[in-house]
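Following are the structures in question.
What follows is a pair of complexes built around subunit A, which joins subunit B in one and subunit C in the other.
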Partner chain A sequence: MKLPTLSAPQLKVMTHSLLLIAAIGLTAACSPPPSEKVLINTSKLAILPAHERFSLSSQALALAADSFCAAPSSEGLDLVRTHWRTTVDSWSGVQNLQFGPLLIDNQAWKIQFWPDKKNLIARKVEVLIRSDEVLNEKRIDDASVVVQGLSSLEYLLFDGKLGSLKSYANTDTSTRRCALLVAVTGHLHGVANGLYDAWRPESGNYLQAFTKTGPDNPEYPDDNVALANLLDTLVAGVELIKRDKFERPLGLASSDGQAQIYLLEWWRSQYSREAITANLMALKTVFTAASGYGLDDYLTSVKQHSDLSAQIQQHFDSSLSAANAIPNSLFSSPAPRDQAELIAFQNEITTLLSLLKSDLPTALGISLGFNAKDGD
Partner chain B sequence: MSALFRHPLALIACLILSGFAQAEAKPAAKVDALAVVKHYADLGHAIYSDAESSARQLQIQVETFLQAPDQEGLIAAQKAWQTARIPYQQSEAFRFGNPVVDDWEHQLNSWPLDEGLIDYVADDYFAALGNIGGDLNIIANARINLGGEIIDASTINAELLRGLHELGGSAANVATGYHAIEFLLWGQDLHGHELGAGERPYTDYSQGAQCSHGNCDRRAAYLRTAVSILVEDLSYMTKQWAPNHAGNYRSQLLALNKQIVLARIFNGMGSLSLGELGGERIKVSLEANSTEDEHDCFSDNTHWSHYYNGLGIENVYLGRYQRLNGDILRGPSLSDLVQQASPDVDKKTRQTLSATMASLKALSDTAEAKEKPMKFDMLIAEGNQRGEDILSAILKDLVAQTRAFEAAAAAIKIDPTATGL
Partner chain C sequence: MQRRRFILASGALLSTPFVGVSPALAKTAKFTPVLSAASDDDGKHIGVWRDDHWQLSQKIAHRGHDSLFHRQRQELVFFSRRPGREMYIVDAKHGGLLHTVSSEDGYHYYGHGCLSADGRYLYTTENYFADDGAGSIGVYDCQQDYQCVGHMDCDGIGPHELALMPDGKTLAIAIGGIKTLPASGRKTLNPNTMTPALHYLDIASGRVVERHAAPHFQLSLRHLDVSASGQVIIGAQFQGSLPSRLPLVYSHQRGAALTAMSYGELPLQFKQDYIASISIDAQGIHAVTSCPRDNLVCLWDLRSLQLQQVYSLRDSAGAIYDAAYQQFILSNGNGQLMALKPEQTKLIPLAYAPGTHWDNHLTLLR
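== the complex of A and B ==
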């Protein structure tokens, strides 16, 4: 086989090209393409830490419940309630994810049953306490989701009638009520830890599945499918806050709407507003990948939408400020329509949603998917 | 907004494939978006016409029953209600995405209800938390006291019932529609997770000494009124989809950009699949083991309601509908459009739809089995593994078909959320 003879200049050009190709190859190996960088940074700096916090706080909650039930006291109960609130905060950082382990076998339902229109929680919890069944984590796992997770614990810890210290001391059901409290907190920690494990590189490593996209990856054939999940998470999260956690329960969805206060998330503990702020902080962290290279940077550097990127961040911040400015718990708002702070928050969250739902998909060139809350 | 694609690989595949398809297909056989949109409106008209005519049949049976209440007449009315559900449940694929339907349907199919608003209930009945209407019992009370405000309910007519529907803004206050009528025909299902539906005695409608549970005249008036409201509402919707009706919804729809209408069609199929049927109607009751979240809880007709929801979605994709009289309507479909762009994506979508229908058939077969039937409320009982398997399979298929719709929409460059609303 005769090789074509090349002149010196031709050879020189070729060498340069080879060097250039090698250099590009090296750069690619050192630093992944921007879209992959978003996936890696968002999962490592936002999603994984959120799961870790949820697992740890649910563990602390379970330990506090154990101690309380060993010797029920008013301080002990306060401590369990405090850990319950911390766990709601950390759950609010995971709650809005629209993909991954959380969606497998309806894990979210084991953590939260809401809205509970017909007071099923109170009814099913009391039936279980008054039964003669063994109350352990296995029994809880087999039971209706209504008696599992943070919603059931909210009832046990905050119900106006039966969520007080006297229900845990000196009544015929106090031993079983405590046994249930311990079993449900233990079960919740199992669920939370299972989710964290499913993401961790050392364990289930969903992180790898989510960040290493490609033709061999059935769930994520390319980066855009994974990015679309982040987009869905942001939109579904803010939509849930606006519609289900705020406008509907407060009767602000239409001009003649009437408040349906028991539709509020966490009404029993009057923790609705705090959960909204925890959601917003977590969603902002998903957008920015905390301090890493997130969708915000991708919008700026790859999609040339630095204005939108800045706007979205500003409106996350102003929505948070507006939520923090609401003086009373949402549950005790007497006339929502007349409260300037509530209307101010409604305006902020509406703008934020519109940026995320209309402008962001266009800027990213990715369309929104259907979400599970699309029904009524 | 040149390209909003969620499934770029599918798109690339489809562009390549469509190149081949276009090279082979005869231009005359090509289906266009306008033809699909027109046929979609025709399907809507046929389905709502059937819903209306079957509601009129229900009205005839109810009237016959009320003239001379007996067990036979009650059963005939119940059967007519079940038949009326067949087209209506299929029509729900037209609900989401079409505001004319979505803004109206709560008058007809609102659920779950606090039936204590309407009539007598058992002692262990629970109303929704904070619902001021949950125990009003309209049938027993000619004067209704709403925290000081007195409502004259001495005459039960359409105006009264429409006014009390969603009283206090609560969706649980269902005074009208299919489920209010269902409750009036069957009564509460007091069997929990055991076999058996509501067992309202026909004597609840007997006038004179035979009347059970009191107020039989008012109960009869309520039933008659609720059925006539249903007929009136369905007649309105049939007209909205009728051809050659200036200013109706159909004419507005046909005047819209075709991309928007196709997005609405996809939106209707996807939202009913995932959020409504999969979420609200199956997942909630399954996960909570809650009979109160069962869709047709008084009549135990839930399996059929779910089956016909599924069929309605498949109908829309395939551009097909079998009318109550057996006639089959066929025409240019979304499936044709997607097939022209990507035979693979279309095939996959049709496969997911067939899989869902097979899973729904397993549900209805189980509920209708001659030997040991298991109704929906039994299947959702705690620890019923068979029920969990059957229902989880449906949920899984509904998720898969929703994802297939996203891919199908992308294949024809439609963003299903861009509905112009």
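== the complex of A and C ==
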């Protein structure tokens, strides 16, 4: 660029401001505004990988079920159970999202039927096995959500009476039980892969819908509306852990609360605590966008709330430690009120929830739900 | 008293400046202007939103709730939310505040009202708190500056939304069952002894002539709408331990029992059990319910009494049928106005007012 002849001081000022303009232009071109950066990083580094893991682990589970049913063995069954646990871990990373493809037609129900207050799963699965209907993925897709997904598989794999090798080998219904196991795992993989596809840029590209906000975006007119969904996800996720996965089934919700142990998530497999841990790790990853520019950085650099950002991360960590310190499965705890580790976890999760529910919305300047909180 | 002065002091309705929305949007998606209460950084408002701006808006001292449009008189009526004691009557043409009506001594409003068939009288749901929270229907003469001319006993605590039946003689009243008294704010005083119900009140005799108890004593029946053929759709807000797994939306015909609307084949799980607005279309084919706490909007088929479609909408609030464009208009706490067209699986944006929280109910200016 050729500059007009100017005196030295003028030139200096001019060059300086031109450089500044150029620098701003460059920043704008290469780097989106912080709020958009949060959306992009959280989607690419937390949400998309979580969906990918869920899709892959459900695929491995379906393959393991195929192999097991080709030649039922105790090792084969153990392997299917292991893959079921891995799939529960990965599902726990997707379960709490409060927006996007998971919410369309309530996909979550196809994956998990919980709580099952009336023991519908056992009843409906056994009825289907004893019927003469063809058992394939199509039939499962048409069937009630009760026989679909991880909950139905948990019953098939872990039920105290019928979830053992014996049921798959030497009984009159073993062939059909295996056919159902194969069909449900295949169907689950279809659902999981569908969700992953819906997010992937190469396919449904919800990633773009969520990150490129603006007047032409039918769902998200600006970044704040999209960010609000991340906030909802964090709050709803931790609230679900505290209330539904912990306090209520263990009778810790009130001083005279009765334990309702069969309301625990994954009680049949005694995997309740592990699922809570997986939830917390995933929610922390949503908060931090893994190693990327997440809500944590946004709080610090844009909203000047570095203290809160650090506090929330610390309490995710201490909640995780407290969950890991529980020595027994939640299902087998004889007297929850007297077990110090359970009370310690309850205190941690309560503090974490209060930070996310009370302090974080104020710091972000995003309402948690105007009508939801105090309608009429 | 102070509040009343505040309103008068703030003068006639002001048209607030343009609030930005893409011109492209405004061109493609059309809707009939809506009345709503709203809050933003500036405070609490009532007004009429047209296309991409407030056609008229007025600051009020505390939160508004529902509203109605008196077509014959070309007047807008805005109700205060409980335990508010003011009703604002606004000139629909020029936007001037015509009257601020205060509830009678010992009464406060619940936030809803409806007109008599001839448009002469306005009926409102009220808390007769001086009588230990008895539910009451206030009667106001629209021709006499909306003067209160009496009250009718609705025989239930916490009447909330009401509607005139197509016979023009009967009011359908959602009895919420929740007892509150101004001294204890919005605190529920009878959580274990609630008796929510649907009541029909004969206007001529002032008597309740038909009543249907809610299927559960904590299933507070709060909002309803009536189709042209007299089908009442009523929505609940559960006051006990969540989720209740009880049906939350019921259909009713005079003389029959309450019928739960079915979720059919659609897997739907409410976590927060909270239905806000209900709107039925002009043909009586579809109803829409907003569920702000579950960030959902449900579309119901009124012939099969089944859920037809579920839409995600964060903090969904108002719902009203807009016959001119064959769509339901929805509002939410994020400042969005969206169109729901029953044949489409996605909501269509109509307008966006950043920083504005739309309150629970919409009314059409038509």
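Rule of thumb we're sticking to: the second predicted complex is superposed on the first by the 345 of 376 C-alpha atoms of A that agree within 3 Å, B and C clash if a C-alpha of one lies under 4 Å from a C-alpha of the other, contacts with A are read in each partner's own complex, and residues count from 1 in each chain.
The rule is short, and it goes like this: a contact is a pair of C-beta atoms (placed from the backbone, for glycine too) under 8 Å apart; a residue touches a chain by one contact, two chains touch by 3 or more.
Source: prediction; values computed, not measured.
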Combined model on subunit A: subunit C and subunit B, fit or clash: clash
Dominant toucher of subunit A (residue count), subunit B or subunit C: B
Contacts of A:N279 with subunit B and subunit C, given as first, second, both or neither: neither
Subunit B versus subunit C as contact partner of A:T288, first or second or both or neither: neither
Touched partner set for A:Q95, first subunit B, second subunit C, both or neither: neither
Partner chain(s) touched by A:R123 [first = subunit B, second = subunit C, both, neither]: first
Contacts of A:Q346 with subunit B and subunit C, given as first, second, both or neither: neither
Touched partner set for A:G257, first subunit B, second subunit C, both or neither: first
Touching partner for A:F370 - first (subunit B), second (subunit C), both, neither: both
Contacts of A:W109 with subunit B and subunit C, given as first, second, both or neither: both
Touched partner set for A:P218, first subunit B, second subunit C, both or neither: second
Steric overlap of subunit B with subunit C in the superposed model, located at which of 38-46, 56-64 or 200-208: 38-46
On subunit A, positions contacted by subunit B and by subunit C: 106, 109, 117, 145, 215, 221-222, 224-225, 228, 367, 369-372, 375-376
Footprint of subunit A on subunit C - complex, ascending: 21-22, 24-25, 39, 65, 81-82, 111, 160, 222, 241, 245, 266-269, 272, 274, 276, 292-293, 295, 310, 312, 314-317, 332-336, 346-349, 352, 354, 357-360
Touch list for subunit B against partner subunit A, complex: 1, 3-9, 96, 112, 126-130, 168-170, 172, 270-281, 283, 287-290, 292, 382-383, 402-403, 405-406, 409-410, 415-418
Touching residues (chain side subunit A, partner subunit C) in the complex: 98-99, 103-106, 108-110, 117, 145, 214-216, 218-219, 221-222, 224-225, 228-229, 232, 248, 367, 369-372, 375-376
Subunit B-facing residues of subunit A, complex: 106, 109, 113, 116-120, 123, 142-146, 215, 221-222, 224-225, 228, 251, 257-262, 357, 361-362, 365-376
